[in-house]
Amino acid sequence: MEQILVNGLYLGAQYALIALGLTLIFSLMNVLNFAHGQMYVFGGFVTYTVVAQLGLPFIVGLLLSAVVLGVMGALIEKFLFRPVIARSKREESTMLLAAGIAFFLDAVILLLFGEKQRGIPKIVDGVFNWDFRIVIPYDRILIFVLAISAIVAFIMYMQYSKTGRAMRALAQDRVAAELMGVDVKYYSMIGFALGAMLAGLVGGLLVSITGINLGMGGPASIKAFMMIMIGGAGVISGAIAGGFILGMMESVGLTLLAVYGDITYLVIFVMLMIFLSIRPQGLMGKPWG
Amino acid sequence: MNTKKWLLTLVFLLIVLVGVPWAINASGRWDFYYTLTSVALLSIASAGVWLTFYIGRINIGQGAYTLIGGYASAILVTQLGVNFWLTLPLAGLACAIISVFIGLPILRLRGVYFAMVTLVLTEVARLTALALPITNGAKGIVSIPLPAELSLFGLTIIPDFATLENPKLAFYIAAVIMMVLCYAALYRIVNSRLGHLCRSLQQNEELSASIGVNTAYLRVIAYSISSFMGGVAGASFVSISQSIYPSTFQVVDSVNFMLNCFLGGLGYVLGPMLGTLMLYFGWDLLFTMGKYQLLIYSSLIILLIVLLPNGILSLPLFNKRGGGPK
Amino acid sequence: MRRRILLKSVAAGLLSLGLFSSAAMAANETLKIGFVGVTSGPAASWGISNQRSMETRAAWINETGGFKIGDKTYDIEIVAFDDQKDPKRAIAGMEKMAQEGIHYVVGPNVDDGAAAVRPVAEQNGIMYFPYAFPQSLYTAPASNAVLGMVANYQSGPAIYKYLKAEKGVKKVAFIAANESDPLSQRDGGVKAAKDLGLEVVSDSVTYQVDTTDFMPVLLPVLRTRPDLLVLSGVSPANAPQLIRSAREAGYEGIISTETAQDAQVLKEGAGKLANGFISVGGASTPEMASDMMREFVERYTKMFGEYNDESNTKVYALEYILETIKADPAGITDVEVFKKTMDTFEVANPYMNGDAKMKYVGTSSFGQKRQVAVPLVVNVYEDGEFKTLFVAEVD
Amino acid sequence: MSTILEVKNLTRRFGGLVAVNSVNFTVNEGEILSIIGPNGAGKSTLFKLISSFLKTSGGEVIFKGEKISNLSPHVVARKGIVRTFQETTIFRSMTTRENIIVAHHLRAKASLSGYFWGSAKARRDEALFADSADEIITFLGMEPIADELASNLPQGNLRALGIAIGLATKPEILLLDEPFAGMNHDETMHMVDLVRNVQKERGVTIMLVEHDMPAVMKISDRIVVINFGEKIAEGTPAEIRNNEKVIEAYLGSEDDAIGI
């Protein structure tokens, strides 16, 4: 049982970090970023290149992933999303743009980094083993701690910095924020960059544990969508909760339902659909986003 | 419809039923038959997605219904020996009925919430197909016979495809006819009072209810029509590939159906048809680009959406006569 | 509806563009061989290693003056189509091949695609070499598909038998992704293990291919304390993660799979933890590789930057196609001749040391010769490279 | 004059908060009844309860002797109680005429499939709706904007369009939610005339929620005053003007932009 909880927590931390970036972008611009998973994969490959190919320390790779993705996010917002949002009649049109960007990143990743699964050497060797009740490798503990610190840092930033406050105002009510003198364009761009940066950071963190390959992007986006749906779209606490809940659901579900074999995920997904039908706004969301 | 529209429809029919086969014959590009058949069938499924857009719902779950339709037809043909042509409406009907049960709870959701639930729905359909015995699980259903003869009172209406010299052409003709019927129905829906009602849902559900529209009922109706189209398209595909697997239609397909609608234009009945043609045919034509295929393809999509965020049909070229969306 | 007319003229324009864009200039005549498979998305690795080994070999042949069939010499051109692992696209790809006048195609890489292209291939007289295992593809009345590798229901029993005899394995557990190919392979593996009298302690656990943490997936399996953990149909992307998680969770038994893997990927993804991992490979282990195989690896590496060990099994299909046509040049356009040649075809295997032969097999599995005889080389991973564990033949 | 609508002990709680607390009053056929009260008094909630957009926590609404509370909104509309909205809610991407035509839904005789196939009934419906829409457009003087997209209309026209949509349903009771909000004096007076016309010439009973006191005093036959979810007064405009409780309620509230 302890093992299941530990697994759930570890999974939850990485999920929550992915969901945070997605929900930030959604809350600021009402854009469902289909390319989020690809950004995460891109971040992973940046860290891989820095660490495995250039032989630099892990932390350098991690920072570089964050920076590269941050810049990429800012550019994507400024040159692609902004003009489209300004001119489209229905805001869902951004979904096509996001999907196009996802395809594009897939192609770029394939050409730049190749088709193979990649990974970097273990950062820390060894396994923590408490009498076989809890077995967890040290590197996972490290990644878990890093992920939690990133989440805490993000919350602090949103709560106490000027930029963070402006972005929260923007997320609450775009029009009101504009009237209050918040530079909507500027903070949308910063927000998108921050969201992309988080995606890059997760990619960098996870490349040391699970490795990375070009196919992980699409499914990662879909999983992240599910998390923010569980928690409530556009709500930061919701994304964190959603991440941990999905992590726990998988951990517990996989253990309990293992005997039923092939239907484990079917059950998880059906439960999710039923949950959302009963509580459409998720755990903490505002109704109708 | 006025005379001019009838005439244009006639011209369109002549082009797709006579002109295209002639052009293919003349150029020798026989492979385009399959490509165009696919476009026709996929645009039927996309038309369904478009209809759900029309009532204000983003539907990323059409892949589930194409899969269900495909399996329904495959099971009826292989296990009960039903004529394929009869399984087409039956597959559509099966999807429509299932969609009522799924739609009743989930159609209460809006915006991205509905979109996400439908996205999960596609995966649920795939996993269900993997788990059920009747779908033959992971091994799929293979060696499905070609469409058999359909006759009424001894009169052959559709010949047995297995005896045809060129089943490609036959599939093409069948697909195009289905597509035309589907879009005729869609056109009729949009340009009758039904279309007004759907648009009233899209624009303001509360007001719609307060003027007495049974919004829940109308939503379910629209959704089941949409699913019917998905089912028919899925069943037709299976008759071409003569096999179906849980992965025959997946999340990617659901997303593509949605993208087809966006690309063509959400405000135009023919939007999904044009979108499907561009996206599917585009990929096919770019096949000579080798490893840069996906790069060029995605760049073109991005370029298109940045230049024409309201779809290709929003080009002034297509709207000379003014009059807004038709 | 005027827009349709415009549309058609645009389409017609594009059409004519497509017509003129594929002209190759060469002194020799060109023989086109097709490839339809997945070279983008999650499973890209399968198709890309496939396509690249074909391209490497083709470039090599062309560089050395071409391939002689009958009294003519041909340059080999590989025409590749990315089906995105979508059976609908695979059909389109096969149509493209027919359009290009191609009669021999390698691929598709997965079950659903291979089943979907069958009608097109048969209508257009195309022989195709899928990497998919469903027996219905190769058993009469189907006759145009040739299995391009060793099937899991052939390699599985061999591996289990070996491990049972040599390592005293008694209890086996299976784990598979919840997709068609892996699940079918799992079912085949379970049957084979039971036939051998092994105890199957777990065969119901599945995972999503996008899983990022395999700990929760593996725990229920490991709790059954198997001596052998079989990763059925595991993709190269998932294999290192599964191995690593299993080892870190304290599992000490043997881990094996019946699919081909890449040593570099295992090294990066699991490091030392992958030592002892058993997989099926081709003929590039140092003990077996001929000079030609070594040169192939060298050329591949030079052309694409990095070799992929998955190509060890994928180098064969093109070689088989060309050699079989050579045996009866009429086969170049007539697949019926090709099929007849297959029954008696036999030449030396250039990629392996010793007296291994290239010939068609499969009579016992399919009732007809519809499989290439590649050596069943079972490898074990040891510190960054594969070592040959044993070699078997499939009949 | 007979009673057309009766509100009995109507109550609605949101969590611990009681938004409407055991409110009783009746509406007579053909009158204009205004509901007033300080901000947050529960007026809009009351409207939503009557039109069934909210479920009640207690009490009931009786229309012509039949209980209608807690039915679906469209069923209530079908019975003849139609609500326009506080926000200027209309179908934004339709023209004025299309808005009005759609709103005829309650009078549709043909079935959905009838509309699809263009049955005789459907064609009769469509012709009828078009005529009726023209009539309403003339009645409200909206000819110049008949074919304008609603999203391009100025505020004042949108309110009129809201009423036009209401009229198209041929309601017995029309609930108007703040019909004068955000209008200047001239516009308000024009609107008052318009609403009066609707009542007189079409015989529609009208209930309205409004802040603009001069307009309310001018237009209403009777007034119900709500404060903190409870009814504190009921009577003719003259009676309300002199009611101690009412004056107290309004003076005690922050929002004193009232014209008593």
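So that you can tell them apart, the chains are marked A, B, C and D in the order they are listed, and the count of residues begins at 1 in each.
The definition used in the following text is that a residue touches a chain if its C-beta (ideal position, glycine included) is under 8 Å from a C-beta of that chain, and two chains touch if they have at least 3 such contacts.
In this text, all values refer to a predicted model and were calculated from it rather than measured experimentally.
Hopping across touching chains, the smallest step count from chain B to chain C is 1. Number of steps on the shortest path from chain A to chain D, with steps defined by chain touch: 2.
Comparing chain pairs A-B and B-D, the larger number of C-beta contacts belongs to A-B. When every chain is reduced to the mean of its CA atoms, the largest separation from chain A belongs to D. Computed centre separation for the pair chain A/chain B is 32 angstrom, with centres defined by C-alpha atoms. Distance between chain centres (mean CA atoms), chain B to chain D: 43 Å.
In terms of their C-alpha centroids, the spacing between chain C and chain D amounts to 71 Å. For the pair chain A and chain C, the distance between mean C-alpha positions equals 34 Å. Contacts with at least two other chains are made by no residue of chain D. Within chain B, the positions touching two or more other chains are listed as 127, 130, 137, 252, 291, 294. Residues of chain A in contact with at least two other chains: 106-107, 110, 218, 222, 262, 265.
Annotation, chain-chain contacts: A-B, A-C, B-C, B-D (touch as defined at the top).
For chain C in complex with chain A, the touching residues are 39-45, 48-49, 178, 183, 203-206, 208-210, 212-213, 215-217, 219-221, 236-237, 240-241, 248-250, 262, 264-265, 268-271, 305-306, 308. Within the complex formed with chain C, the residues of chain B that make contact are 5, 8-9, 11-12, 15, 19-20, 23, 27, 29-35, 38, 127, 130, 137-140, 142-143, 146, 167-168, 237, 240-243, 245-248, 250, 252-253, 270, 274, 277, 281, 283-285, 287-288, 290-291, 293-294, 313, 317-318. Residues of chain B that touch chain D in their complex: 185, 188-189, 192-194, 196-197, 199-200, 203-204, 206-207, 209-216, 218, 221, 324. On the chain A side of its complex with chain B, the touching residues are 26, 32, 34, 80, 83-84, 87-90, 92-93, 95-97, 99-101, 103-104, 106-108, 110-111, 218, 222, 225-226, 229, 233, 262-263, 265-266, 269-270, 272-274, 276-277, 280-282, 288-289.
Chain A contributes residues 3-4, 7-8, 10-11, 14, 52, 106-107, 110, 114-122, 127, 129, 132, 135, 137, 206, 209-211, 213-216, 218-220, 222-223, 250-251, 254-255, 258-262, 264-265 to its touches with chain C in the complex.
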